[in-house]
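These notes concern the structure reproduced below.
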Amino acid sequence: MEKLRVGVLGATGAVGQQFIALLKNHPWFRVTALAASERSAGKTYREAANWILQTPIPENIVNMKVLPPQPEFNCDFVFSGLDSSVAREIEWKFAVAGIPVISNAKNHRLDPLIPLLIPEVNPGHISLIQLQREKYGFGSGFIVTNPNCTTVGLAMGVLPVFQQFGIRKMLVTTLQAISGAGYPGVASLDILGNVIPNISGEAEKIRSEPLKIFGKLRENKIFPAEISISAQCNRVPVRNGHLISVSLATDRAADLEAVFSAYSDFVSPLTKWKLPGAPQHPIRLTDQSFDPQPFAQVDRDNGMTVSVGQVQSCPVLDFRLVALVHNTIRGAAGGAILNAEWLKANGFLGGVDNR
Amino acid sequence: MEKLRVGVLGATGAVGQQFIALLKNHPWFRVTALAASERSAGKTYREAANWILQTPIPENIVNMKVLPPQPEFNCDFVFSGLDSSVAREIEWKFAVAGIPVISNAKNHRLDPLIPLLIPEVNPGHISLIQLQREKYGFGSGFIVTNPNCTTVGLAMGVLPVFQQFGIRKMLVTTLQAISGAGYPGVASLDILGNVIPNISGEAEKIRSEPLKIFGKLRENKIFPAEISISAQCNRVPVRNGHLISVSLATDRAADLEAVFSAYSDFVSPLTKWKLPGAPQHPIRLTDQSFDPQPFAQVDRDNGMTVSVGQVQSCPVLDFRLVALVHNTIRGAAGGAILNAEWLKANGFLGGVDNR
Amino acid sequence: MEKLRVGVLGATGAVGQQFIALLKNHPWFRVTALAASERSAGKTYREAANWILQTPIPENIVNMKVLPPQPEFNCDFVFSGLDSSVAREIEWKFAVAGIPVISNAKNHRLDPLIPLLIPEVNPGHISLIQLQREKYGFGSGFIVTNPNCTTVGLAMGVLPVFQQFGIRKMLVTTLQAISGAGYPGVASLDILGNVIPNISGEAEKIRSEPLKIFGKLRENKIFPAEISISAQCNRVPVRNGHLISVSLATDRAADLEAVFSAYSDFVSPLTKWKLPGAPQHPIRLTDQSFDPQPFAQVDRDNGMTVSVGQVQSCPVLDFRLVALVHNTIRGAAGGAILNAEWLKANGFLGGVDNR
Amino acid sequence: MEKLRVGVLGATGAVGQQFIALLKNHPWFRVTALAASERSAGKTYREAANWILQTPIPENIVNMKVLPPQPEFNCDFVFSGLDSSVAREIEWKFAVAGIPVISNAKNHRLDPLIPLLIPEVNPGHISLIQLQREKYGFGSGFIVTNPNCTTVGLAMGVLPVFQQFGIRKMLVTTLQAISGAGYPGVASLDILGNVIPNISGEAEKIRSEPLKIFGKLRENKIFPAEISISAQCNRVPVRNGHLISVSLATDRAADLEAVFSAYSDFVSPLTKWKLPGAPQHPIRLTDQSFDPQPFAQVDRDNGMTVSVGQVQSCPVLDFRLVALVHNTIRGAAGGAILNAEWLKANGFLGGVDNR
């Protein structure tokens, strides 16, 4: 199988770097174009990017020329790690030019025709693509988004409960890593030995995105889930890994035993598809007293697993638990790559996969 | 006025050190005896204590001899910073010997005859002392406790709402500083750049202690408040200052405006008593978008103020807010000293105060 | 005595904020004008400044209007916390307008007619001012600078050795706090749980500034000290306090005992002048095995003392020691204020002081 | 080839855990016995060990029974991660029983008959083993040690200079990670946002161990290198990775260009032996302005490479540089495993290797 040619938009930013690092040696995709702002265009990637990851820049990328963010290069699709200040327009331009856009930006997430996709949660939402193409005149192009990093951890973390018992209320308090703010992001004077009890715009995303993700698709329309969500977000001096403390009320009665069973019985709908980036256990329940911890669990399964622990009855709502998600991998670039794999497996990228 | 002579039990531990530091230059009290475990007894304080505070050991304390924890030295009362493994027995022994014990230990907190005191919240609970003396045969002695450090921040943080509208539910998530675990306490390998989503025994205290604190005293009996409380506790790499994220449901309907008014209208019942350690504003509401933060606010008013921010409507319960308490000052030694001041002002220590 | 009226240039920056905080309640000076870039001019200070200190903005400053950095307001002298990109020109303009400038900026530090002043080290260098006024046409104005924050700690830290035995070589390795880089300064992703073994431009300052500070003034000319200095600078995740590890070779033979005596015999030349900001012991030698530490010692004497420890023989040069300086107080704003006090005491600011 | 059976002494400690993690899937060795103190003996490994690494306990180890540290189990050799309080005696007992001991403990490092081995530096020192066996009556047993973690980084970091020009002086200042102190090790209250300018016993090791490592072996005797070494050690809030700032004077004149060439020309003497744990480039010179940094480089080549940067002329001695070593891998367990590989390749473990 020939690998699909991939462009990375916003290639020099924090998310763009993570795309490049994760796509190194990807069995289906290979990066053939890097695009960034006009300021970077024309430089080699090494010159243009202030590389912030622990792993070095892949060798085939180091001297690649950075292009302007125009749909004028050859590729089978693009990943977008664009900043939200420019993503709306640029992504649209690529889609109109017939190039599929797998985006991590927030701009199109709540568009009713654009899937807000977590393949383990709402795999069927990709059927919106057909209507999207018609309505928006995208031709062979389309846009698919992944949720906000915290929302991914939340949606995955409660998924077994949602599937077994339904959820009508969620009360969320987060402890979020500094890498979620990009680079340079949070000033060290603001966060060293400190906690900041607010993250601009974050609570709004947590309150709105899950409704669409857990929504039901009927006749090409997503009917949002009816869940009351409250959120308060804290920045903590942790490098990677958002911790999400959730209390929830279920639709249907459940005891704690049944909740544990929901987790142990959970099977990923992706298992049989053998997607290269899909973890065997996308949700890992831990019974260790002091887990999940960013240090110990965030890199499990290459950062693609959501760890869940501290599951207990809640005297106010029904249950409480703590979920941990790697915010720049499963919650951003890794999640977007999994979206692309799911789309390819379903024939939306580079022809039907008939292995 | 002659200063009262104070003994400090558990003088070499983290809380004991804080007692000593805060009592330096206290206008009513002076430390005249230091007691610690048999291992320390006989040494000078400098030899016995591994001093961990930023301020140096007060000069009059440096060469004071550490005594065994027996009620055999002269003093008007003692502060107890004893470890809970030994506090129960030793504190009882002092009370039986007629020496009042103002304790920070957890052992006697839930005893129905022993006040669990925050003077701004339940000042009248000290009237239990008379009954306590009779039932327990304490003579001139007694025991008064202050709550767990997080409970103090929680009770103070919601006090104006409780007083104005009543509270029937509280859902709590905490971000707690490492100094809460004493010394050596949390290993650096466990917490540097990490969060630990559980603190042994902490959630239980948060669920039980507020019921007594907010309880009504009738006929020498405390009728516990009827509040459902849920708590999940996280350790974060912050030196001092517990952040407490609370969602709550009120007894009586209130709008957000009224809640803000409850805070701005709040007046400390201690104001007119001019206690040396009582802050002018024991609860400070902040409207800054990113407050309260441990770094910026924890030391306000010598660490005796609870800062409250992020007050907002909650889509699941009624309101949310974030409270910040200095865990080793207001939440421990400073709170105990304020208790002693309140007791002295009410004639329970060293005669009626008739200034 | 009427307080002198002080303007603060660069009032909204990190150093400017420290000036404002330290001048609150100063017995000789009061802030009457705040100047910052054109972008801030016209706003109130609260609007213009992103306040980053733990203590709140002084009440008399909160609503003060920020002025443009032009010598058009009334004041007796100005402190400059200007960024080096603009300090050269603006400071010159004030001096030419007859306004004394006490500067923390680096631009004029090596000018042969401008004192690079640490009052305990080279108090007599202020006699350059007369020549400076003549040559540069400053009239009643002048410029006096304080050294780089690390240089201050170094020069103070070795001063007793320099005075007793002379120094001909210094080999320096630093561990510097993040506040030294201003705000936003160091990105948290760069420094959390990390060390960066280079600070742009810092080693150069450490190699050059001490030569002038320790230089001899003869016939209105500073003859630089003849010391070989090597420096390598590290940024560490500490909020305040630069640690400076120095090995040195002396001019004249000395044994370790004599070095210790040099420290214990050291008397500040400022003692008899009773300057409000001069610490009683500007250099504190510690014999505690694990000191000096930023956490424990940096705030001693209001951040104006340099702590010295780990004094020992060096198998390669003659001696080693570790000095600790509060980089934003003694090493910046506090040092500049002490310079102003010294200048006032010597009649260079607001008339001869004849107490 | 059948894998050699390996016992791990001190298996539950920090170094023992690292041995177990690194030996997972080792092509030559397999862990068949775990020994720890009597307190742990009899338990399963999971019960006995407080696992502190990011990677989980290998599956074949989880339920292995922990044995007492007696030479009564079958194995081809043992790794010792024993605490120095017990290592001397226990290691000796194993050697006397005919079992080779590859030790990370400090106790036997300076014994004139026991190699203090870094295979890239002094590979020939293993010929001491024959004499050691005779003199100490070890039979088929022997003891080989690896140096202190910082010494490894220092010796490797300056090796190309030592080999090309000789070294007569080294002036060392270190910034050491918390994992170097084991678990629980450094209390978080001592190190969060702080630096401690002393590490008990560390400077002594840095002053003495390199003399033996760089010593010449003649007629079964090591003649120590003649190098004056000065060291001052700092603990910094970094998880893994010791930074070593070295200034050095060479025996023979060299210019900076020649020093750079020494690094680029350096070839590991192990290359042709194809040892599984030997990195291709055991010393990596970086020319990036802000490297080497623990965060970015410590895990390179599985933590077995020493990164060197900041190479420059030194105005006091001849040159300066900064070396970075992974203290628990190359500086401890990984170094010991490489020692074992080198010994096996030379026929000292399980027969001559004749691939």
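Labels A, B, C and D are assigned to the chains in the order they are written; within every chain, residues are numbered from 1.
The criterion applied here is as follows: contacts are C-beta pairs under 8 Å (C-beta built on N, C-alpha and C of every residue); 3 or more make two chains touch, one makes a residue touch a chain.
Quick caveat: nothing in here was measured; it's all calculated off a predicted structure.
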{"item": "Of all other chains, the one whose Cα centre sits farthest from chain B", "value": "D"}
{"item": "Between the pairs B-D and B-C, the one where more C-beta pairs touch", "value": "B-D"}
{"item": "Between chain C and chain B, distance of the C-alpha-averaged centres to the nearest whole Å", "value": "41"}
{"item": "Centroid spacing, where centroids are CA-atom means, of chain C and chain D in whole angstrom", "value": "43"}
{"item": "Rounded Å distance, chain B centre to chain D centre (Cα mean)", "value": "48"}
{"item": "Residues within chain A bordering two or more other chains", "value": "192-193, 237, 239, 295-296"}
{"item": "Complex contacts: residues of chain A adjacent to chain D", "value": "54, 192-193, 295-296, 299"}
{"item": "Complex contacts: residues of chain A adjacent to chain B", "value": "169-171, 173, 175, 193-198, 207, 228-230, 232, 234, 236-239, 243, 245, 247, 249, 289-296, 309-310, 312, 314-317, 320, 322"}
{"item": "Complex interface listing, chain A residues touching chain C", "value": "52, 178-179, 183-193, 237, 239"}
